[in-house]
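Two complexes come next, and they have one chain in common, chain A, joined by chain B in the first and chain C in the second.
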Partner chain A sequence: MEHEEGGKTISSAFSDAITSRLGGETITLCYQCGTCASSCPVAKITPRFNPREVIRLSLLGAKEEVLSSDSIWLCCSCYNCQERCPQKIEIADVIYALRNIAFEKGYIPDIYSQFASAISNDGRIAKVSQFMENKRPTLGLPPLQPTGVEALRKILSATGFGKLKQKEESP
Partner chain B sequence: MSEVKVGVFLSDPGRQLSEILDFSALANYLKNVSGVVFVARGSEFWRGKGLKTIVDAIESGKINRVVVAETLPKLSEVKIAQAMEDAGLNSYLMEFIDLKDHCVWPHRETPSEATEKAKAMLLGAIERAKLLEPLEKLEFSTLKSALVIGGGIAGMQTAVDLADLGFEVNIVEKEPFLGGLAARAGRFFPTDDCAICIQSPASDVKTITHTSRKCVYRSGFTEIPNLNILTNSKVTAVEGPPGNYKVTIEKKPRYVNDKCVQCDKCTTVCPVEVPDEHNAKLKTRKAIYMNIPNVHPPIYVIDESVCKFHECAKCVEICPTKAVELNQKSKQITLNVGSIVVAIGFEEFDSSVIKEYHYGDYSDVITNLELARMIDGFGPTGGVIIRPSDGKPAKKIVFMQCVGSRDRRYKPYCSNICCMISLKHATLIKSTYPEADVTICYIDIRTTGREHEYYYEKAREMGIKFVKGRPTEISQNPETNKLIVDVEDALLHRFLEIDADLVVLAPAMVPAKDTKELAEILGIELEEDGFFKEYNAKLRPTETKLKGVYLCGGATFPKDAPTTSLHAHSAAMKAAKFLTTGKIVKDQKTAVINEEYCGDCEFCPVTCPYGAISLVPTTEDHFVAKISDLLCEGCGICVGTCPLNAIELRHSRPNQMLAQMKALMSVNGTSKPLVLAICCSECGHTSVDSSGMAMMQYPANVRVMKVPCTGILQIHQFLEAFKAGAHGVMVVGCKSNGCHYEVGVQKAEKKVELAKALLKEYGIEPERLEMFNMVFIEGDKFAEAAQMMTERLEKLGSLQLMESS
Partner chain C sequence: MTSYAIFLGCTIPARQPNYELSARKSLDKLGIELVDLANMTCCAPPPVQSIDFETSLAIAAYNICLAEEAELDLVTLCSGCFESLAMTNAMLKADEKLKAKINKILSQAGKQFQGSKKVKHFLQVLMDDVGLYRLKQSVTKPLKNLKVAAFYGCHALRPSELLKLDDPEQPRILENLIEALGAESVEYQNKLKCCGGLLRGYSDELALELAREKLANTSKASADCIATLCPFCFVALDIGQVQVRAKFNENYDMPVLHYSELLALALGINPEELALQTHKINTDKILTKIL
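The block that comes next holds the complex of A and B.
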């Protein structure tokens, strides 16, 4: 499992990458008790996500496996695991840290890039179809107002969200 | 004082030092040093002919100061000091240097520089020796009696040991009966025998063995004549110096005297019924009660918080021996003891704070101690394992490990004994009820003691199920009232919802309730985990920083019964050693106050880590500090703290230090800038020793001066060092958390920081002063630091000081 990479084993290089990131600092405290997994509403319904396994794979240095799978994107951020972890590991935040690393490496599920383009193109978090717009008056709703997307784009580019859009456009 | 006549003794074992050092140059140099009247060179001076040379020189009156350059520090120092005393010269008039490890080995590649450094080292020792003063051996008488606080297995064993050795022993227990936690544990691992025996440790004293059995049960603990048992009692104050402690104890009334014949008639008439704490509230008891048969003392007690007293008094009427006395009052008892042993043990963590486990909400969630009461045949269920909610037998039982332990939200440590307690309970249940379905949920099973792994093996053989996973929650099926334990089997990657009649938590073991209060009363410290802090966890595990005060058992950390016994006997040995001499002997290398300079600032009493300084009022309506020679350990932290220079250490006076400093800086002999390394006598100085022993090389411009503790240093001394010719100053102390005088090195660190700021103001580069922390084995670190400092100073260039007017 461990290979030398620039004087560091791969596993420690990956866990260093996680601990040096906001939210990822506490990951190395894990002793695999499984409290997070049994607290997790997602893990209970799908084998595709288990916070304990994500942490274990990360600490063992299985970088590609962790970053490329859809597992880390399935966390619903309920923070139940984080509340109950006996080692005070900020598990939900660790998952965010992993998502950030994954994003930088170019791994991002479609739904997130669609979300990103929706927000920067239209200023809305969901695409509004013509059908929906036509439907509104029949329900007594006023027509949608422009969103001020120009101002929003400035904020997005200042906060680095613009990068997300580039990623989406590049491939 | 008569004229100072210094004799210098240069040892050269096997002529190995003279291969590097020019001894004739040294001898010539010494001839011209004022005060030196005698110089001898020999193979060794700490025994045989060499030692006789010193003794003869003293006895003939030729010398009255001894400077020895000898190898084998400590060993040779002690031998020479003893010989000096025998020859009639106070042994504190000696200065010792180690030319081999401090000069020859580290500078063996530059022999001429080594010789010049040796001159400086000798001159430093001579100048200091000239200013030394004779010191006395101090003796303080101590009492030959002891107090043991806590009547559990630790305290009882310590008390028996000390009583058998003939000391007057008092044992104080806050509960009405002896036995502590152990008396409630039912059975003990690793032998599964009855913990109840623990209530009566055996005495070796012959006079009472005819009343004893081989089984320690009914050994006659209460019959040991020089053992005074105080139950229902609490220590409320401790005063006085070590060896003469005055202890105030509050003894609550028992309301029953020793005429009690345990006929139990009183409980049949008592109308008050309350939950029985001793039996985990699984049954009730009366206001007058005895918690289990055969407890000590065998006298009933009245629970004053619930008794109706004279309104009822039915027990008084029925008692055939007139043992009930409702008018008893609380008593204050004063004891004078030489030694105190703290044995107050530990208790279970309050699991109810972990809300998701619902301890306290669901009555079928219990703790291991409560389960122990059910397993105990004397217990509330007579040995039957039931569901407290309906009293029916529990068939499906789930144990949950690490409840509050290894949990950084509560107790980050592993509580040491809970894995074994759960394994013991699980196997006991399974052997009585083979059909019981028992599961243990664990993070890691830790069975490190003798015979302990066997329990784990036996448990697997018996079909006890192990789930590696810490449950996230206990819930209750609202229809069946059955408990459901929600856990991930981490090995199978599978989520389990285990049905249970009974869930047994293995709570963390935490310090006993009164720990903090008692620590304050005694003036001793607690560790971060809340347990009592030992003097040294490795080599002095039962001692505290207070002489005559010892610790044992679970008071320092949760322990199983075998370890507690070891600890208890060990504490008894230490206490006996202290008590048996009847006196404390120590040297007078203590601090002394110059009352003329002392003001009312209160800095030193607060800073002294040993509580040796008190403020006493003087006639002119102000206070002066007073130092107890008994408590003073001679670190000098007060000296470093006093803003008025009103305190000095008798064996490290400022003039002695200054003279040595100037001498060390008087000869250079190298082309490099002089560095003064001020080292504490513990880790700092010994790391210099070890760098020499390992023959590590560093430049000879680095000169070492020993102080008791770096905490003694005052900022002006750094300036004096620069004035004396140092271009750089190293302060070498113990590790920040490893100071042998508790806080000295931390004080020094702060002072170095402050001094750096001050140096900047004076136009001196602050980098010329540096603090280092190291331990004995880090000789390499000292050599590196010396090298680094020299290189740094070479870059900075020589120090230009303005001549002060």
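The block that comes next holds the complex of A and C.
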């Protein structure tokens, strides 16, 4: 059901999309008390991010505004808001759900596209350089065990993570 | 002898031999054996959860499967790895439906998550398998006169319902472990606030501002050093300090040490074996104070 209010299309479709996602299930419990915003270390130093506002806009169905903004990428994943929410909304996880949807729609910040490539290529977010590998015995560290890149690629292909990456590579 | 599979993650072997060396040497001295398993991968921390939560659970579960096959509990040094692995372990143990879904993915890699093993943070191993009493007995170089600002970061503690390391608003585990080494744990403003580490790379400016506040508050409390648990917090506060100096012309000269490094020093391990040159902020003044 959709209707117009204040120039914005209000739609329950977006909140349905969020609640059907892993991590997004609890968003509709929000009554906008603002405990999250007052617990948020990022909201304290910039007006660019406010978890309460992200939830409000999402529940209002402002899909494009939420998904295309840099706001959802400014959450520092500290979980303070999630710990304190009186409605037990898993707010940090809701942000992940929003980021997951944004990623699928092709709204991908550079650094996250680098993370995605690193995982697929090396099985690691930060690659261990040959220099560091060679240095280990001289420091008294045991040799590094091999990374399970093959197994990881099978997992990525089973979850469709590979497809996400393709989308990002074909503009 | 108590044995654990060690989960190193990415950042520690890539950039922080100081963390790995101090943790390995300390645990060895305390009679805990670490086993290095083959074929582990990235733990799938918040940056991967941000891309696809389901994939992150599957990757974390895959790594737990390796420990299950080796019949060992897992210990992590990095709090990001701890969050990802302990959270996944708790979620899958509590939810049969989710477990079945993830196992369907894992079957492609020839794995099945059983839920038979524990994932522990380094601190929990110290508490559970050594304990404060034996730890105090093992200290040969007490860190007398050293004022340490305990810094928990976020992902050792939260989400607390799943991680269950300590109270998320009033934790004591790190302070107790600092005091067991003979040091003084100093209180400071906003102790539990985020280091900003995960914003690095997306908004360096905001990340630095969060780190700067930590440095200002620990300095104000006259701490001699900050004790961290996580390689991301370490980077945010150690390298971050160099960046704060360049950008704001503020010189805190506040050494940042992983708790494991303080532990190793207190256990009498030679500082020359600990790769302290990894630190951007020189640690000599700490060594002078305690040795």
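Following the convention adopted for this analysis, the second predicted complex is superposed on the first by the 129 of 171 C-alpha atoms of A that agree within 3 Å, B and C clash if a C-alpha of one lies under 4 Å from a C-alpha of the other, contacts with A are read in each partner's own complex, and residues count from 1 in each chain.
The working rule: a contact is a pair of C-beta atoms (placed from the backbone, for glycine too) under 8 Å apart; a residue touches a chain by one contact, two chains touch by 3 or more.
If you're wondering where the values come from, they're calculated on a predicted model, not measured in any experiment.
Colleague: Of the two partner chains, chain B (first) and chain C (second), which one does A:A37 touch, if any: first, second, both, or neither?
Modeller: A:A37 contacts chain B only, not chain C.
Colleague: With the two complexes superposed on chain A, say which partner A:E53 touches: chain B (first), chain C (second), both, or neither.
Modeller: first
Colleague: In the superposed arrangement, does A:P86 touch chain B (first), chain C (second), both or neither?
Modeller: A:P86 sits against chain B, while chain C stays out of touch.
Colleague: Tell me the contact category for A:K105 with respect to chain B and chain C: first, second, both or neither.
Modeller: In the superposed model, A:K105 contacts neither chain B nor chain C.
Colleague: Residues of chain A touched by chain B versus by chain C: which partner has the larger set?
Modeller: C
Colleague: Any idea which chain B residues touch chain A in the complex?
Modeller: Against chain A, chain B makes touches at 356, 402, 406-409, 443-444, 468-473, 486-490, 493, 495.
Colleague: Applying the document's contact rule, which stretches of chain A touch chain B when the two form their complex?
Modeller: Checking each residue of chain A against chain B gives 29, 31-35, 37-39, 43-44, 47, 50, 52-53, 84, 86-88.
Colleague: Please name which positions on chain A make contact with chain C in the complex.
Modeller: Residues in contact with chain C: 21-23, 41-42, 45-46, 73-74, 76-80, 82-83, 90, 92-93, 95-97, 99-100, 103, 109, 111-112, 115-116, 119, 123-129, 132, 135-136, 139-142, 144-149, 151-152, 154-161, 164.
Colleague: Enumerate the contact residues on chain C facing chain A in the complex.
Modeller: By the definition above, chain C touches chain A via 8, 10-11, 13-15, 17, 20-21, 24, 36-42, 44-55, 57-59, 62, 66, 104-106, 108-111, 154-155, 158-160, 168-169, 192-194, 196-199, 201-203, 206-207, 209-210, 273, 275.
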